[in-house]
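In the two complexes that follow, chain A is the common piece, with chain B as its partner first and chain C second.
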Partner chain A sequence: MTRSEGLTLFTAAAAFAALAALPFVTEGFYLTLAVNMALYIALCTAWTLFSGPTHLVSLATAAFFGIGTYSVAIGIEILPFPLLILCGGVAGALFAALVGAATLRVSGAYFVIFTLGLAELTRQVVAYLQTKVFGSMGLFVLTDHGEGDLFRYLLGLIAAIFLVGWLIGRARLGFAMRVIGNDEVVARHFGIEVARSKVILFMVSGAFIAMVGAIMAPRYAYIEPQSAFNPTMSFLVVIMALLGGTRRLWGPLVGVVPFTIVADFISANFPDHFNVIIGLAFLAVVYLLKDGVTGAIEQALGRRRRAASVTGEGRA
Partner chain B sequence: MSGPILEVASLSKAFGGLVAVNDVSFALAEGELLGLIGPNGSGKTTTMNLVSGALAPTAGEIRLDGAPISGLSPSVISRAGVARTFQLVRVLPGMTAVENVVAGAVFSRAGLWGVAAEATARRLLGRVGLEERAELPLSAMTYIDQKRVELARALAADPRVLLLDEWLAGLNPTELQTAIELLKEIHADGMTIIMVEHVMDAIRSLCDRCVVMNTGAKIAEGDTAAVLADPHVMAAYLGDE
Partner chain C sequence: MMIRRATLGLALGAMLIGGQAIAGSVKIGVSAPKSGPQAGAAGAVYWPTIELWAENVNKAGGIDVGGEMMTVELVEYDDKSAPEEAVKNIQRLATQDKVDFLAAPYSTGINLATAPLIAKAGYPQIVATGNLNDLEPFVQKWPNTFWLLGRATDLSTGIVGTLSEMRDAGEIGNKVALVHVADAFGLEMMAGGKPALEAAGFEIVYETSYPLGTQDLAPVISGAKEAGPDAFVAYSYPPDSFALTEQAQVQGFNAKVFYVGVGGALSGFGQRFGDAVEGVMAMGGVNPEDPAYEAFRKEHIELTGVEPDYWANPVVYASMEILKQAIERVGSLDREAVIAEIQGGTFETVIGEVSFDNNIVGQVWNVGQWHDGVFHGINAKGIEPAAEPFVKPAWPN
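Moving on to the complex of A and B:
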């Protein structure tokens, strides 16, 4: 580990420790906002784990999230909550393997449409099974976990996502993904199993998203397909991740924090226009910030550095 | 080892009604440098694509060290020991020269990683004359330097057979001389090479033997000088009369 990596790790650990203490100093509105932020940071970072290097936009976030939520709803009477979070992760990974094996050979727009259709299909199937086979609208998840507990679980998960992302970046898989992102034909001709690499990454990403869904289950208390498999969530994750930028794993973080605050303000003050404003935000992000805020900053820095080296001032 | 290192037997590839490669056979001994020549559209690059696995043949078989590789995926064929450059240069534009060459060494037959892969990459970049530009991103490199990186990347894969698809195209006379010397050295080290080429000077000075193709079929094979003097080959290049 280099010195700058050590420093980053120390800073991150200190920040996590400070944030873990948040539930002691605040509750109510600010804690709820913090949980929402942590929720979307976890979702967007897990999403970027796959969609960042592959440039494949997945709209299946809601499907993985719902699978995690239902893992808890089904098992809450039998198993302890932390174990169910892991079960949710395993279920998410298995689902991703199944879906990935079938679809990751299709590219670009087809993949986007497929994942969107898949999320809807999953919701319909779960709704059908629940009403026709089990004869109920939803399932109860009654625990004594408050917002503070959920916040700490989410923080822990975010730390795990960043750690795994960092490890993948240093491993052969991360290197393979960079080669694939640059030129798939070259990747194939130099021994990289492109489809298998993508499936593995999709499984890691899907497992983490499902674990987020599992952690959030106690907040809903009553789990229904409509809330667990909410398609708006899939779109919000894409907007926030693209706003922050997906070229770095921490890119989405930069997008989520301001977006959650603004989105909360909008839904509180203009609840009827929420979808319209989100739609406009989507267009603005795609048109104006192709590589997100972090991409724009990196580009600006690159320009300054080049300008400096041209005038001979850059050698410091 | 006594048998040929690479064997192409009755290979055919049809795209719908168009037969791009028609019943082509040839063999390659270990350490040999074979020229694959012919006019534009004669099926040379398609043959290369069949060997590297970019395309699957319609009929026929390709064997590497006696084991069939035809129809396998390019990644499997790469691990079996075939590496190539591309007719239109294909580099990894967002990565540095070293990373480009490391990419050739990690998942291919070489199977190197970490310090070993980087050392190999730097050694090969030195070999193609790019040690000082090792940290440059490929998007900032000239066409010629990108071609050099491509060759270093193919060598990094530690192939049994190296396929060069018009690697000498687009070089000026000085660069061409340097490039020919480089290929001579690599050949002298024992590398088995098939090169698709139009530059006749290079073919004369490099190739032990040539296979000539025209409209998908093999029309001549043998010693380079003899093949180039063959009236059928001249007719294919220049037209009848």
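Moving on to the complex of A and C:
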């Protein structure tokens, strides 16, 4: 570990510790806003683990999220909640493995459409199973977990996602993914097992998204297919992640935080015009910030660095 | 440019004033879909009715709170049809806006998701747009929730009661064609409706389901027609309720009873089919000749420009009437006392006299039938039906 990495790690740990104290400061609206923010930070970062390096836009977020939610709904009477979060993760990973093995050969636009269909398919299958096996449409998740608990769980999960993402980036898998993302043919010539690498990453990403779903289950209180498998969520995740930029692990973070705050301001003050304003804002982002906020930051930094080196050469 | 800036300034000024509590007003928080998949339905049966209620209360001088007349001020947010947004809105209403009371959110799922927070803040939650088969565990955990649509089983089995009544009167035979939309709602209705039909001794001669959002319902109707049933029962959603009725007409499928699910009680349903709607049955209902409903209907059209339906709009209105009457009887804005009053009291509303038994309403309109262009409740629990069921005449063409 280099010194700068150590510093980053220390800063991150301090930031997480400070945030974990938030529920003691506020119990009401700001905590709820923080939970929503943490929810999307976790989702977007987990999404970026896979879609960032591979450049494959996945709209299956809702499918994994729902699987996690249902893992909790089915097991809440039997197992303790933290264990169920892990079960949700395992279920998500298994599902990703199954789906990934069959479909990651599909690329580009086909993959996008496939994942969208997948979320819908999962919803229908769960709806079917629930009536035939469980005999009712919804399942209660009645716990005593308040917003503060959910926030801490999410925070812990975000830390885990960042840690895993960082480790992958340093490992052979991360290198392989960067090569695959840039050119699959080259990657194959290198002897990289493209399909296997993709499936592993898809599983990691899917497991984390499912765990987010599991953590959020107590907030839904009543789990039914429409709310657990909400397609809007899949789209929001893509929008926020792209706003932040997917080249860096922390990219989604800088996307989600401003997005949530601005979206909240708009929906509080212009409840009747939310979609219009968000639509315009999104167009502006796509036109003005092609690589997201992180892209803009890096470009600015790069320009300064270039400027510095140019003047340096001038002196020599 | 100047004008635009001036209007913007005015708008901002109005916003600031709106954000502050006006002395002597009761603040009521409303969070429901203005966007997202549920926005269309909420825009028809929820928002205009809530606004009409506030307008009517204020026109009459306000709510009588212990002798002081307090006007109603609505604080509205869009929940985007999503639970996490709804949860945030409720938090904002409770802890930022500090509203005195809430209108219950829209749809079953969101009412359930927000219930823990609403309970924590201590507000009564009178649910007018959601129900379940299994309400007891919920009411036990959150005794501040009230269920104005009753249990889902009431709705699904209402038509069975109507069919039995008609069979016993010798008007129809024993054969039923049963179809449903393959979605949460359709399945929940089937879970109650099918066993009830079988227990009542009806023979299900045709049964099928169709996926949500299907455009082509011709095969469903032709299948049902071939089976030659006395009654056609469809647990359907608004788009398919319209499409099934249209197909039945096109194919000349004349069952003696033709019943569709949600959407059949909409005024637009009656207008769409004109004279052909005579005798069609559907989920929901009200007593359309009740003077309270007649007045409500007239005002609704005048003020909001939206024609109310014969089911959901009046129930939403009733939920707000109950809240107002409970506050007036208690004589203060004490939420705990208001909840206790709703639990035990009886209320005069646009859907008739209403009371709660263990927080679940005792009076539910289940089935209605179109007659002379008006939808009459013909099967109800705890209320006198508004009319007798009759055999549907053949389609006019």
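Everything that follows uses one rule, which is that the second predicted complex is superposed on the first by the 290 of 316 C-alpha atoms of A that agree within 3 Å, B and C clash if a C-alpha of one lies under 4 Å from a C-alpha of the other, contacts with A are read in each partner's own complex, and residues count from 1 in each chain.
Everything below uses one rule, namely that a residue touches a chain if its C-beta (ideal position, glycine included) is under 8 Å from a C-beta of that chain, and two chains touch if they have at least 3 such contacts.
Just so you know, these numbers come straight off a predicted model, no measurement behind them.
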After superposition on the shared chain, which partner residues are touched by A:194: those of chain B (first), chain C (second), both, or neither? first
Which of the two partners, first being chain B and second being chain C, lies in contact with A:36: first, second, both, or neither? second
If we overlay the two complexes on their shared chain A, which of chain B and chain C does A:300 touch? Say first, second, both or neither. neither
Chain A residues in contact: does chain B have more, or chain C? C
Which partner does A:185 reach: the first (chain B), the second (chain C), both, or neither? first
Check whether A:98 is in contact with chain B, with chain C, with both or with neither, and answer first, second, both or neither. neither
Could you look at A:127 and tell me whether it touches chain B, chain C, both or neither (first, second, both, neither)? second
In the superposed arrangement, does A:225 touch chain B (first), chain C (second), both or neither? second
First, second, both or neither for A:106, with chain B first and chain C second: neither
Partner chain(s) touched by A:271 [first = chain B, second = chain C, both, neither]: second
Residues of chain B touching chain A in their complex? 52-54, 73-75, 78-79, 83-84, 86, 90-95, 99, 102-104, 106-109, 113, 153, 157
Chain B contact footprint on chain A (complex, rising order): 172, 175-176, 178-179, 181-183, 185-194
Given the complex, residues on chain A that touch chain C span 27-29, 31-33, 36, 39, 124, 127-128, 130-131, 135-138, 140, 142, 216, 219-222, 224-227, 230, 232-233, 264, 267-269, 271-272, 274-275
Once bound in the complex, which stretches of chain C touch chain A? 15, 34-37, 76-78, 80-85, 87-88, 91-92, 94-96, 108-110, 112-113, 115-116, 132-134, 137-138, 141, 182-185, 187-188, 190-191, 211
